[in-house]
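See below for the structure under consideration.
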């Protein structure tokens, strides 16, 4: 099968290129950008010898003609206006942006401060965390990076109804999570040897997480959610503090995590009490999870690490493609993480 | 006045050298190490021209003869056996290690896994956070780095009795916090572009924090406390999640932080909702604090940043010296932070 | 005395603020920017408590009225048009940009690709490396960062006429050397764990270095000069490979370096064969120099390290101010380097 | 085919694991270490799910029984004593250490300061840079990291006899190049935001480079060679300054580089004047080369970048294996570089 990528000049787009290049059943048809139209290997010297193609302007007809599906790796606000044309023609879309994830338009408006997509489009879009659900149609909304880590870290507890209070998520992200746009805070001189906290309780992944968790526990009303930038290129270190009901023991919790992810090829639960390091998953589609129960406070600490461009974006998009296309979930995604 | 430093080859010792060199009233008498005996400028080329002295073996008589006080910048387990001799002779000590901070010997035993200091010695030692108390005698136990940040972040709330549940501290430290000893996790290749979590709910600063907070709220039984390493040399980014009583508003909280630190020269409370960046305090004795209340969860997020070698160790030791010696609290400590 | 700073929002401007704040005889009068007009402490939270001033628009009358001299910390192309007004009124200027350094207008045109300053202005400007010359007038052109390191590394050899061939300078700079402007190559995600080479034999500091060296050896026609970016915030590591005449021995070379810098407070020559580390000078006005002679190739390796914002810009500007104002050269500049 | 790895706990050993895991024709038989005997996935959590094997003590019989060849990824001084036993039995060895590279025992003695291997063993060992020669026997000495970059950067010039003077190599390496052993200079706090120069003209790869280059130009007597550490995990940025004969033009040079590497799958020559960035090859077996001629100095600047653990060690070892085994040179090695 052949895929088009729209938005190849962003970090997520270029990661999609890398993953598709090593995929056994998927190849790159055409690549597109709204801003840059040069030869791909000129823009990205690391691709020299791998992608002898021009980056083309956005061209929906060409995309549909030359490809079997399209990945949108565009910033928020783009795909919501472009998707309808493809949907109409039942042309498959995997959208990596936030445009089609939220069922409530008011959530999109509040958190993205933009006009939401058409109701009809939102109705057709399926938000798919491949560990928990499968797409029925041709319009997949790929989860966000923080959201992926937060959902995988909390699902076993929420599904069991074991919470005794508000979950607190303390998310730390590498700089590529903020995208390739140039800002003071992403300048090397600002970011190196620094740590900053941003969008406290205002991050746009909050409604996405709640929407998913409420499918398992409709009574769950709020989460407490903070996001920080740490000086790494790639990776999310998500720490969850979850107040647990008195009757639930550490052993029960650990057992539940093991069971929940028993068949999940990309979730690796660590030995009890052992926390994962961020680096052990970078460049891959893995999510490694560690947990530690504090008997005195009855609060469970969960640490979940992912690569924000891998399991948090392009990797998960390929995983979603694999399941959607009836391929083994792991096709093209089982590389050993880069270490060190 | 003249000060001896015991343990000059560690990060804290060498920071003491730097701070004393720029102090208007304090000079370095003698410098000592248990392991390395060379000329200081040979060990530390950056000191070339600043410290024409040999690093001497430990020698209590010489220390007392040539100095007016001594700083112990030694690892845990050293000063508890060396201090008694000085105390007997009423020779002033500022101990930067953890040996004399904990009043309950069993706490030391549990968290440091070593034999505690003699009861008589512990009885004389005074744990001094200079924003809140002043030494009466000559034996000062200087607070730990995480503890300093945690206490300053939570004091205004604990003092008012405004907590509605367990406080969760999520502490991130730079690598110098783990000391100069060589370990796999401190190797550049392991630490760069990585983040790791360690000693979850087991860090030795936990009892120190509780001991201080319980002076303000004897009912406070537990804190939840996690510690991580982020790829920076210096700095602690301490995030506190504090469940707040329903009757307490954001305005009351902010006002209380402002009042608590109104006269604290080194605590800078940020505008409400604005979180500090780690870099804005590195190399200094400042603690910058930001806070943000979440109305939905009734949880307050507090971020407090310090330099672990500055306000978290050597800077605070000089601040403690200043107050103890009757000097202005800020003597020698008011440099503009290094930026960028 | 009071100084104005024009261009306070760049790295060099904010470093000037820091250095003036700790200067015994100089204070900040007014601060100016062409682009940003807010309170200084709002733009730079690390300055909180240190600089209760508004950043003002550029206003030459106000500058002259409220100050005794002005520092231009502006990008290339600005001060050449602004300086004349001050010069006319004999108001002292220290210009940290490249606008007034080059005596030959054609050099400026070639390397900066802009129109050069008026000939009359260039005639009055004095390029001052304070280790070697002193300003006679009121218009000082402060040397560039690479140029400072290159001149200090090579002066003892060039002055003696000991070269047997072309000198090769391999300069490595931290990202702050490229200024605060946002570019793809200064994005953290591009710069971290990377090294890039740029402007090979085309850097604008080349004519500045030649101009200075030719004062000592008019026969010196060329240098070979490459510049790279390494993932550090601050610092220049300049490596010089100098082919040396057969009759010159290592001992003679070392002796010459020692003599040349015997009275230079800020140049620290290392023991023979010992190369300096970049960190041992960061945040200071020092230049540390190491040298090593290869008997087989008769090529001398010299390594000179400076802080590009310190000795390479703001530090040297203060040093130039000190000498110009008849103060001790070291006034306000003798801080212990930050380590680690 | 099955391979044993001796020395799996070093960076090179663990990179071999990664590369063999993705190789189409090679699998891991047994893994060995002289120091650590645990389950591989316990030592390296990133391998979780990829290598369900114990790290075994060194056991030559078992190695020969269970495998078709052995990779020695051991520090200098080990394989020289272990190899004989395998050679005797004609069991294939690819040695990644420096023990068998140098034909002159006195070179080994001088640069490694250890006793050299037996003459008979050295006689059989073949030093193979796969772009230039092919092993005839079963004992391959895999080139060193700096040596690989230096040889590839200079071969086209040396082979043509175009040098007009001494070549100067300025090599910059990431910290993994110094191995996993813990030293002050590899501590994160020392290495981050720092650059150091070491072993100026004394690096053990010098004789290895000379030995290779002298096969092409027996008159080449010396090279000038410096090595530095820059704050990156992986990668070598090798800069070569080569004085070129007057009759040789830039066009001839460029053409020669293109021709030399026309059939080299892993050497990518950049467009003339465009220098490669270190990151464009990390995690791969590529060597990217840029060149720029300075007409004024008649010195050619060549920049060659490799991953010291890839093309500089484990990648090249697999490439050597491929050629030796009659497989396509690129088998298992053609992954897109990780970017960013």
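Think of it as A, B, C and D in the order they're written, each chain with its own count starting at 1.
In this text, contacts are C-beta pairs under 8 Å (C-beta built on N, C-alpha and C of every residue); 3 or more make two chains touch, one makes a residue touch a chain.
To keep track of the chains, here are their UniProt names: A, B, C, D = N-acetyl-gamma-glutamyl-phosphate reductase.
It should be emphasised that the depicted structure is a prediction, and the values quoted were computed from it without experimental measurement.
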item	value
Touch-network distance, chain B to chain D, counted in steps	1
Which of A-B and B-C has more C-beta pairs touching across its chains	A-B
Chain at maximum distance from chain C, centres defined as averaged CA atoms	A
Centre-to-centre distance between chain B and chain A (centres being mean Cα positions), rounded to whole Å	38
Whole-Å separation of chain centres (CA-atom averages), chain B against chain C	37
Chain C, residues touching no fewer than two other chains	11, 174, 176, 189-190, 192-193, 231-234, 277, 279, 340
Residue ranges of chain A touching chain C (in the complex, touch as defined)	11, 174-176, 180, 182-184, 186-193, 231-233
Chain B residues within the chain A interface of the complex	165-166, 168, 170, 172, 174, 189-190, 193-198, 200-201, 221-224, 226, 228, 230-235, 237, 239, 241, 243, 273, 275, 277-279, 282, 290, 292, 294, 296-297, 299, 301, 303, 340
Chain B-facing residues of chain C, complex	11, 14, 17-18, 21-22, 44-50, 176, 192-193, 233-234, 268, 270, 276-277, 279-281, 283, 288, 335-340
